[in-house]
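Below, chain A partners chain B and then partners chain C, in two separate complexes.
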Partner chain A sequence: MPSSSKLAGALRSYFGGWELFLLAILIVTIIANAAISPFFLTIGNQINLFQLSIEKIIVALIMTLIIINGEIDLSVASMMGLAAVTFGWGFQQGFPMPIVIALVFLVGLAGGAFNAFWITKVGIPSLVVTLAMLIGFRGLARVLVEDRGITDFPEWFDALGQQPILGPFPLSILIFFALLIILIVVLQFSGFGRKVYVIGNNKDVAAFSGINVGRVKAILFMAAGVISALAGLLYAARVGAVRGDVALGFELDIITMVLLGGVSIFGGSGSLFGALLSILIVLNLRNGMALANVTGHVQTGVIGMLLILSVLLPNIRAYFGNLYAGRKRLKQRDGKRA
Partner chain B sequence: MDNTAVSPVLEMRGISKNFAMTAALTDLSIKLYPGEIHGLVGENGAGKSTLIKIMTGVYAASSGEILIDGEPVTISSTQVAQKLGVAAVYQEPMVFPDLDIAENIFISHHNLGPVMNWRALYKDARNIVEQLGVSLDVERAASGLTLAEQQTVEIARALSLKVRILIMDEPTASLSAHEVRQLIEIANTLRKQGTSILYISHRLEEIFEISDRVTVLRDGKHISTNAIGAVTRGKLIGDMVGRELDEFFGRVPSQATDHTLISVRNLSKADVFTDIHFDVRSGEILCFAGLIGARRTDVALALFGIAPADSGEIVFDGNPVRIGDPQQAMDLGISYVSEDRRKFGLAMAMPIFANISLATLRRYLNRFGLIDRQGENAAAEKYRKQLNIRTPSVEVDVGKLSGGNQQKVMLGKWLNANPRLLIVDEPTRGIDVGAKAEVHQIIRELAKSGVAVIVISSDLPEVLSIADRIVVMREGRQMGIIDGDIATQESVMSLATQFDDSKSAPQPQLV
Partner chain C sequence: MGSIIERMHPQTLRFTALLAVLFLVILFFGTQIDNYYNARLFNRISTSVAIIALLAAAQALVVLTRNIDLSVGSIVGATAFLVGHLLANNPGMSPILAVLIALAAGGLLGAVNGVLVAYGQVPAIIVTLGTLAIYRSMLVQFSGAKSITTNTLPDWLLEMPRTDVLSFGNLDLRLTVVITLGVVIALHIFLMRFRLGRKFYAVGSNPEAAVVAGIDSQKVVFLAFVMCGALSGLAGFMFLAKFGNITVVAGLGLELKSVAAVVVGGTNIFGGRGTVIGVLIGAILVDLIDTSLVRWDLISEFWRDGMLGLLILLAVGADAVLMQHLEKIRQQKAQLKHARLMKAKIRPNRAEV
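Showing the complex of A and B:
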């Protein structure tokens, strides 16, 4: 008994209470899913579950850093669409594939730099800038291909999005885990990651400490542009066709995953571990509900409830915590008097 | 005026106010007579603001009673205060720029029925403005009004409430000499009409010019009330600062070397400070004294590159330098410990070690840009011992420490940068006496080790105890430099409150 509570304490101090809570939900979800369907735990289903949302969860990783930094990027899904369409357009023009792919990344970088310029140099809140670009990038994408769909990409390209390349894993899943590891190292162990947290905590304190706040933010938004472009490419490869509405509305799912992961919308706290847990919960819940023949709309409703809970629970806990602490202080004071 | 013949319009008896542990006001009594201007003076933190807030119903007194026309009253809110005829005009007027002046005057209470009667509104507004003896077009929009005109609108607003007791809290602090004259005229006009005015100002010349009686507060206590003819400037200053000698920490001989580390010449920033002029030598402690609004912090922010000056020269270690951002200042070896821990000093939700290494993060990065956590911990442990930071571990979030310990973490953060010039802004504000003595000791030891130290402090005994030399500022101007060995509270306060037409400021003298 004492040793188990010690273990819980150690876990809590390492991960924080919220991550533990998420871990518990995840385990419950997996057990329930496994009980509902014998297919759930098969490798094929697990890979499928990742692949269906792979573009969103890749972008959720960089979104985690941006929200910890105290900002938000609403333009990621539109950038995914613009990148996918840029790819289709370049392919249609008959440019060589390496050039087309380089062009897509360039578009991502330029879009991110454009966001960064308005946010860091002009000082407009990222919420406003990226909301404008949510519309702007999407508009560009639609102008580029009008109402057409572009398809018939080279076979090797489609295969890259669908076929396993290492063991049972397709490229996109490998990219997700590689990016996860890289970003965990950056966020938790590097000087840059420390700056991301400090700025999210209090950007004046950061500036007074000689940290170049604008530079850190600019790097994050440009990274978000490039990673969104990458996600757009992966989408094109997985689906094998692009249109102007690729990834429409994905930004909300992405932000939901990050917030559910315990990342504070006010910045300064949260971790990729929490974000990963929340990603796994959302994927497994959706998959489990699909296996149990729950419709998509109900699935979305359940995820929404979960988000509300995730915001409510810490507040409720804080409320009762304060109440308890207040009563304790009162008791101590009265005790002293008596 | 024979005060005994008239009964006071407002009387406060035995007012005390406690905040958590500290007493802001202790057993304070004051009387205001009809048609008098009553000056109220005291150092920063003497309790003037608390007193005003109790009068206007912002705070409730912890004990004591308030009488208006001899009747005990309870002023539970600003609305109640207004009904009783008490209103205040503050240093920063609140004016709505898009409304016209008449609307601003009657912002809360012109009773006109369901349809707006503009003619009546303007007529009433004109009456009030005339009563003040000023010419203002009440139909023009309030945008573009000068600060003095905005003050006038505020006063008119108070008058429209049928105010009998008007509190003017530092109304002239940001006004030019000419505008001050206008305001004094208005106050005189109101006095003739029977309004009682409680007039708060740091400028003793104004107090002498317009008040009938003057009350001095110090440390939340009533020190003296005198007819203005019965006091001298010296007596007022003495009453304001007259602390017990045992509160002083003993002076130690200057450790200053011959090496001038930084020379500042003619440093100016538009609308902020003008012609700042001083040297600091290695090992020297130079204090900046002055009242709130003296712009001392702005000079520090210019030296640290947060808000660079517009013109002037900075010579650091013999080389002319331009300091455009904090990183440049830090590269030169300048550290700035902010007065506001919460806003600018510490990341409260982050652990001690991360704060200690915050300004020197580069030093703890390996060639892959990864943080050397052991190095960070070692630095944090070093300052925990050296500065006696009381905490169970350096992993504790800074926000959970006491104010004094937070202050030490902030010092540790900047000492870790091995500064050659350390600027500390209000290093002991809001920390207890024990921690204060420790901070003084740390500052002295740093000076001894050859660091040039600039201390900005509003705490005069502190300044007199640690300063080798004292720069006194008032409203963005350098009023003089006094040698710490001969400075007295009176000599510093005298410079800090000296009134002058801003055109004929005295040339700063170098000691």
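Showing the complex of A and C:
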């Protein structure tokens, strides 16, 4: 990036180099897609592109906070499945809808609290706890519906997931943007957000400075549970049917989106802005590849490659940068001697 | 009893506890399921555990160096497909060559992971999350969405999972089980007795200290990934022999099972601690519970996954609590001993004077 340009310099100091890089990729993707297909830039396609992965990107928002906090939650996709299945089960039992929906959120909260208990009270790494619950929540979902599928939800419920409610936007997209704004305020402009970063940078220092580390982590994991439950509900509404394998394997896509957004897997750095850009890149890339008839597995492969390159390229650049700086220093020293 | 526990090495204690749990689980299912203790149980569990134990041992090598390999499931699928494809087209290929190809293909994929993690300095979870998808998509491209079917494979391969090395009455020791046991024992000796093996632990328990001590930690991490990949390739070969039908989703989800077995087997997920023998017991425990729950009438088989998740949590949670407790007791003891020594120095025993 040319540091000579004043505008670029200002942008860079505001967003950091990584976000600018993502922005460039995004623009290239959009231009390429628009060139490939005349339908790409239509509003219908743009909304469709969001809606196809809306559950994943909603969960990716809270996952950003968790990874910045230095933890990880692998159980989100299983929680989405469990929530969707709980909804289907409650509906089948004939409970009134408001109670069923409240039950779903309660399940999400309880699941998040369960994760939080093992992580903060017992002191097991979140990678292990949520790996266990990835299996566990999915198991509970299968217990609830076994191998049946549940469908024929009330029409208004399906409509919530499928029909636009405000202008051309369906409910799920509105929820996504509302959550995005709320979380940006919480993470970037509130005391709680600063605590999230500080803990991610150094848990021990944070604890010694009087931050209740366990409480912050517990809040984040419970929020992840509730938001995953919400995403599961939206999935049920969009597809209009639930089965035990709803959202199977989504956790990898979600984590990929967050990490591609420049959030460090070791915690302490990254931003929701970066995560948003990477979400847009992934959505546009997948949509463009789908328009160009590339299969789903290969799309995932391309995203995987992008994920590795996103960390590898800066490393390579730093390596050669150091090499160059070292040579320059040597030359200067030799020059002085001569 | 208390003093025995305190005097035992934590690793020995962990291993003993794991064996005790395994024993209790077998006893428990014995009371619940009619005719549980028979040769078929042994045969079934031992053959199904052979693949997952091999993968878990491979995973343990990487976890010991404070890394993780999420791509093992995709490596299993890719090598199973590759070897199956080659065997279907060249039925005359020798078994040894087929195994070598599986090892080499797996090792190559592992080497890609290793280069990126060790020399590219990209965190292992990112690299292997990426290659999990990339290897799978390579498999889809290469196969053209076709699958390998049993009838195209040579007979010796399909016979292999049923071949016995030893038989005691109805108890059969299958060839695949012997291979896995051999690999685990060899790995155990390698990790415990060889200089290079000890370096795996050194790098995992403190990477900076390992570098300061003159260990080429990049080489060690690279090697761990290559070995993990090669063993996953071997597991892919066994997968091919066991199932015969290989589709593009072969081996999907095995990465999480292998990590689960490693963790239940008492290996620290942050590296530096654990044994492959423990991992073998962990894999047996996970698979035993998985297989036995299917036959338990009291609860539906759909509880399997739920129970497995809870088991992992309980195993790791008990371990964490026990170790914290033990550490505290040991520190107190050491302080007491120190205090007693200091006293003895100041006031020598009267009898001696």
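The rule is simple: the second predicted complex is superposed on the first by the 318 of 338 C-alpha atoms of A that agree within 3 Å, B and C clash if a C-alpha of one lies under 4 Å from a C-alpha of the other, contacts with A are read in each partner's own complex, and residues count from 1 in each chain.
Keep in mind that, in the parts below, a contact is a pair of C-beta atoms (placed from the backbone, for glycine too) under 8 Å apart; a residue touches a chain by one contact, two chains touch by 3 or more.
Note that the structure is predicted; figures quoted are calculated from it, not measured.
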item	value
Greater residue coverage of chain A in the superposed arrangement, chain B or chain C	C
Contacts of A:Asn202 with chain B and chain C, given as first, second, both or neither	first
First, second, both or neither for A:Ile279, with chain B first and chain C second	neither
Contacts of A:Ile150 with chain B and chain C, given as first, second, both or neither	neither
Which superposed partner A:Met289 touches (first chain B, second chain C, both, neither)	neither
Chain C contact footprint on chain A (complex, rising order)	118, 122-125, 127-129, 131-140, 142-143, 146, 244, 252, 255-256, 259, 265-266, 295, 297-305, 307-308, 311-312, 315-316
In the complex, chain A residues that touch chain B	185, 189-192, 194-195, 197-198, 201-202, 204-212, 268-269
Residue numbers on chain B that touch chain A, as the complex places them	304, 306, 325-327, 329-330, 336, 338, 343-350, 354, 358-359, 361-362, 364-365, 368-371, 413
Contact footprint of chain A on chain C as seen in their complex	116, 120-123, 125-127, 129-134, 136-138, 140-141, 248, 256, 259-260, 263, 269-270, 300, 302-310, 312-313, 316-317, 320-321, 324
